[in-house]
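Here the chain labels run A, B, C, D and E in written order, and each chain numbers its own residues starting at 1.
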Amino acid sequence: MESLSQLMQLLFSGLTIGSIYALIAIGFVITYNITGVLNFAQGEFAMLGALLTISLSSAGLPLYLAVILAILIVMLVGGFFERAAIYPARKSSVATLIIITIGISFVFRGAAIFIWGTQPHSLTPFSGNSPIRIFEAVLLPQSLWAVGISLAALAGMYYFFNKTYTGKAVTACVMNRFAAQLMGIKPEKMSFLSISLSAGLGALAGIIIAPISGASYQMGLMLGMKAFIAAVIGGLTNAPAAVLGAFLIGIIEAFSEGYLSSGYKDAVSFAVLLLVLFFMPNGLFSKKSGKRV
Amino acid sequence: MDIKKFTRSYRFNLYGITVLLFAVIIFPFLVPSNYIISTFILIGLYGIVCTGLVVLMGHAGQISLGHAAFYGIGAYSSAIVSGKFDFPPLAGVLTGILIACIVALLIGIPSFKLKEHYLALATLGFGVIVFTFLKEWTSLTGGLNGFFGIPPFEVAGFSFTTDRSFYFLVWAVLAFGLWFANNLIHSRTGRALKSIHGSESAAESIGINLMTSKLKALIISAVFASVAGSLYAHYISFINPQLFEVMTSIVFLIMVVIGGSSSLWGGLAGAIIYVWLVELLKDWVPLLGFSTGGEFEIVFFGVLLVVLLIFKPEGLMGSWKERKSLFSPQKKKVQDKKGAAL
Amino acid sequence: MNLLEIKNLSKDFGGVHAVQDVSFTIKQESITALIGPNGAGKTTVFNMITGVFPPSDGTIILDTKKISNKKPHQIAKEGITRTFQNLQLFADMTVIENIMAGMHLLTKTGVWKAGLRLTSAKREEQYIYDKSMEWLKKLNLEQEAYLPAGTLSYGKQRLVEIGRAVITQPKLILLDEPMAGLNHNESAKLADLLLDMKKEGNTFLLVEHDMEIVMRVADHIVVLDHGVKIAEGTPDEIQQNASVIAAYLGSEVTV
Amino acid sequence: MINVHNLSVNHGHLKIIKEISFSVGKGEIVSIVGANGAGKSTLLGGIAGIYPPASGSIRMEDEELAMKNSVAIVCKGITLVPERRQIFDGLTVEDNLILGSYHRYSKEKKQCLQDLEMVYDYFPKLATMKSRLGGLLSGGEQQMLAIGRGLMAKPKLLMLDEPSLGLAPLIVRDIMNILVQLRNETGTSILLVEQNIKAALSISDRGFVLERGSIVLEGEAESLLQNQSVRDAYLGTSPSLQK
Amino acid sequence: MKKWVWLFVMALVLFTISACSDSSSGEGDEIIIGGIFSASGPAAPLGKGEMDTVKMLVDKVNEDGGIDGKKIKLISYDDKSDQNEAVLSMKKLIEQEKVHAVIGGTISGNTLAMIPLAEKSEIPFISLAASKQIHNPDDKSSRKWVFKTAQGDDVVIPKVLQYLKDEGLTKIAWLNVANAYGTSGHTEFAAMAKEFGIEAVVEEEFEATVTDAKAMLTRVKKEKPQAVVVWGTAQESAVITKNIRQIGIDVPIINSHGIGTKQFIELAGAEAEGIIFPIGRLLVADQLSDDDKQKEKLLTYQKDYEAEFNAPPSTFGGHSWDAFYLLLEAIKKANGTDPEKVRDALEKDTGGFVGISGVFNINEKDHNGLSKDSLVMVKIKDGGWVINE
């Protein structure tokens, strides 16, 4: 019984954090596929989203308004970032692009210290804080929110990319940029759209996690890294796989923390990354695509 | 045209290199400030790491986001061998080189099947794993409390205790490293690396084994990083695992990218720019009226970095090289000849 | 004497038969041309010979030695080298460095000797240099020796690529559309050069669309269409072959 | 309807298309034939705005298009069905088709859906596999899809780059027949680039032979098909075609 | 392209000029104090308050006319929590700015890297970091010039152990953050626990970036400890504390002195209730009895800081307050800024100095001078702090 409750607990923890990683990882995948850029500043969007929400709601806005406004602002920031830094440099080498996104993350982090200071900030949970007990394991309402919102966001993304016309255009642009151009689809517009979108998703992730862990200017780095791993494990080209990867990483982390030692937590997830890269470079869930050689 | 002219086209220009060497040698006597000499010691150490990275990135075309691991391996090897077991410092340096070679081999074989972003992430993961070992293997490394009491570097009874003597040591190693790397990249091995960078399939078609060539480049750069790490440990006398975190790897990459990986001098140039920029921002940013703390320095640094790379995506030395390097004037003559030939 | 023997070579890509049951042989000191309309499978055959990917079925024998399933650099070691349809020059390296890189297999200086510039390394470097310069003279490129290869005219870049392949002293050289992008004059000159090199003892396998050149230089022609060999013979025979004409001009007669 | 005058297109410093002039009238099918490497695809890419022309002009109904980008050109009514189909292989057949009308979809959704039905009429086979992924179609079906997608843009000029590539002769014939039907029913002008001379010229009104980036021969399709020099150009039997 | 070369050369020249210029022209008229704080980077929550405090105090002293008519000039750098920057800043302060003393080193690592420089240059150096190695190193290397104002773990840990012992909580769970702060606390704890008869039934680490530690805590729960000790700073401790309660471990939680900020209470919310931790008296200044020696100073510091920065001061700021006034005291006693004399004064003449962190009794053997009496055990109650003694 006890071991079952521990198992459940680990699973809950893994799913909660996994859903946060998932939101950021989807952003990675979208950005990477549309612009070819591995955006090391992705985690910073989470930081901006969380801190903005905290400021807005402490300024008196109701929580839901603060959340929406914060996401919109971060999307704007993301779009600006795309125009100012990614678009002009899109033809540079991989190393140069990586460094550019890292430079941007410096700017975001420095600006955050200036605006919000160095102390951590807190956000009240969306709906109460009384834990729900299942088999002696504890589930917090905020965890439900986290999993729920990320699944909803995933469903939203699915709807956007598969059911809406603009979404299909973005997808088309990913699959075959050349042909998309022939259809009159502007890749530049899609690139702008996709980075704003992934910035918004990142912001959402940050907002969800703020009530759980608090928010501070430096929260973006590690979230970004983990989401990276998730995206790569999923193959970097496929958003649903990235989400699975994110949950997997969340669960692996929880289990290595629960059964091993949390000091090795990061190393374990990176070791998983290496194993996947070495043995399944197309990702764990690489399904047979319709593509022919 | 004979081979002398050919080799002169890349060998260091005697005039230029003499001036440079002279400048490097008299510098500490002109500038008596230990602070400035220290910045140059750091530049020298970073220069060594980055020269190795230039060979790996600029010539073999392989990206690494995990070089802090090799730097750390060197530092901790020296610390443990000479600080804990009281062997002479040179033994620590050699241990570091040996371990770095083995680790490079182990990580290189699976990694080099990967390309670009995937390779970057794999090396990043490798860096995190090494960092975790340094952090968690407390019985050997002291863990996060750090490792202190590393003796000064000593060779043949001479101990490098002052900043000035250490400056000469580091720059001598750097000069040797540059010379070695320059010889190497203009040899059979170097051509093989460069041709992989140019076109992997063409390189294979002339019989170049991609894997062994890339491994050679990785091992060389790992040794450079390890030596620099060893020297760093002896210089600073206190190290802790956080010095060898992912961020340090990123800093190395920043240096190489802003310096320009296509030129041998790119690594050193990047190290100079990075160290100076950070130091100068410390003085300049408060002059602009921001005096709260370091956040503006970070913002300014980030903005400068992005602007620089948007306008000079090949790095400073990269574009310099297009104008025919200062250090190899022969190319200019060839240029004239081209004009005549057309 | 047969230098290369290809037996029943096939390649499937996920159910698509790119090449099916193709067999032909290449004689020493000859120029063999592999022709066929776009998508006929010529490049696939090339890639199998050079080891880019293994054949699904069939064998490739070089000089009585089976070389199918070897890696590209191993095949280069066995003595087959190639040029590429879309020029794969080392654009950032100078012309002479490109040629010198071709000497990789013939030399052996390692990291240490090179890095420390030991005498033996210098001696070997001298040898590589002399040999390469000799070739550049032969190709009439010595004026351009120190220019980055990427800055040369297209025709000259082709020459450099061929020079880089030939200097490895291979048994067989595969040329993938060497005339593409050359003007009439340049391709005529290149054709002469190929014939000269054949006389010196080199063997070529050539994929080319410029039929005039093919007819002029080839001793033997193999025609592929839809992955299948539809004809084989001397240029005259091929020009008269009905199925070849049908394949090229497009005809509803299936072969 | 479209006049190309002295058009040159470069790849890097390599001149691929050298001052070509030709025109396509309304409702005309014109073929450009030539061996691989002659520059056919580059020519179409130059017109479609994929490769910006180095010099020359492309006029359509007195509007200059030579320096416009690909999106503007699609909007002007010139659509390219690219070589090797280039369909969106992870999207369904219907999505592929709808994306073909991207530039006008938001404005005239209804019209687009009508056009979709029209495309299904031309290619009944596609109608039976609306929700199948494009990548899972056979070569011939993919080609039909690509042409259908091109039609969804409602082009005045439809350009096709080697539609017969890799297809069995029977399917090639089907596709060529559909092109003729299309021209007859909608009056769309068609510019066809082909290696398969017979298939192309048999449905064309006029034709050009392209070689090394220049037009070396032009005329009525019928006469070109009979021309011995065309055959020579392909099989290299005589050097007479060389300028 | 030439432009770049020129820019490069110009930057070099500017750099050399700005670096070589002797900025301490008014030698003798000013007291020059160097400050090195981690105002950004991971340690920023600690370092920012330290830097602000010193800046505020310098202004205040100067407004009041300085010391013996001499104004104080503060040159402070942000080391961005980076060791190399700390070392370079230290060299710059000593060599270039010719400071008379240095306050700083927010984190132990940076301080330890700077110590050899202070020792070599013979400049008084007052560290704000906690590690025992700073003033009392295991390898017995020289610490002649180094002082420290923070309560080291060698002071805090016994306070906690004593508390546990008094409460009869002998089987405890030990959790520390995986950084230098946490591990040095752990090292000290492991060394001393036995003395007090305390046994750790489970010892765990957590990351500073932890978001959910329930996984790890399931293991803690299994061991059924009588109390849980959490050793970290505000953000991560809040996460852990919340998780401990959420997972249903209902035993006393003892935190470290790293959580002495309002942010902790905000972050941990309702779960913060009842948490006990050792801390300097600053937090509970208003609850002190009027005869407490520190009370007046604490309240003044609180008032001044709040007026200036619109936020309550932290105990870390208090460490730099102590460092600054200890230094002033020593300079006054030494009648000047001669480093040797200032050092001697610090060592011999500051006995009984009343500061924010406690009452200092620095002497030749102990360059910290704080005892565990400088700490009080504080309990979080109704979103505020109350003394729990």
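To be clear about the criterion, a residue touches a chain if its C-beta (ideal position, glycine included) is under 8 Å from a C-beta of that chain, and two chains touch if they have at least 3 such contacts.
Bear in mind that the values here come from a model prediction, so they are computed numbers and not experimental data.
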| item | value |
| --- | --- |
| Most distant chain from chain D by Cα centroid | E |
| Farthest-lying chain, centroid of Cα atoms versus that of chain A | C |
| Centroid spacing, where centroids are CA-atom means, of chain C and chain D in whole angstrom | 33 |
| CA centroid of chain C to CA centroid of chain E, Å | 71 |
| Approximate Å spacing (C-alpha centroids) for the pair chain A, chain C | 48 |
| In chain A, residues with contacts to at least two other chains | 110, 113, 261, 263, 266, 292 |
| Junction residues of chain B, two or more chains touched | 135, 292-293, 295, 297-298 |
| Multi-chain contact residues (two or more partners), chain E | 39-40, 44, 48, 178 |
| Complex interface listing, chain A residues touching chain B | 32, 38, 84-85, 88-89, 91-96, 98-100, 102-107, 109-111, 113-114, 225, 228-229, 232, 236, 261, 263-264, 266-267, 270-271, 273-274, 277-278, 281 |
| Chain A-facing residues of chain D, complex | 48, 50, 70-71, 74-75, 79-80, 82, 86-91, 95, 98-100, 102-103, 105-106, 133-136, 149, 153 |
| Chain E contact footprint on chain B (complex, rising order) | 31, 33-36, 38-39, 42, 135, 138, 143-146, 148-149, 236-238, 240, 242-243, 276, 278-280, 282-283, 292-295, 297-298, 316, 319-320, 322-323 |
| Parts of chain E lying in touch with chain B, wherever the complex brings them together | 1, 4-5, 8, 11-12, 14-16, 18-20, 37, 39-41, 44, 48, 51, 77-80, 83-85, 87-89, 91-92, 94-96, 108-109, 112-113, 115-116, 131, 133, 137, 139, 141, 178-180, 182-184, 187 |
| Parts of chain D lying in touch with chain C, wherever the complex brings them together | 13-14, 35-37, 162, 164-166, 168-170, 172-173, 194-200, 212, 230-231, 233-237, 239, 242-243 |
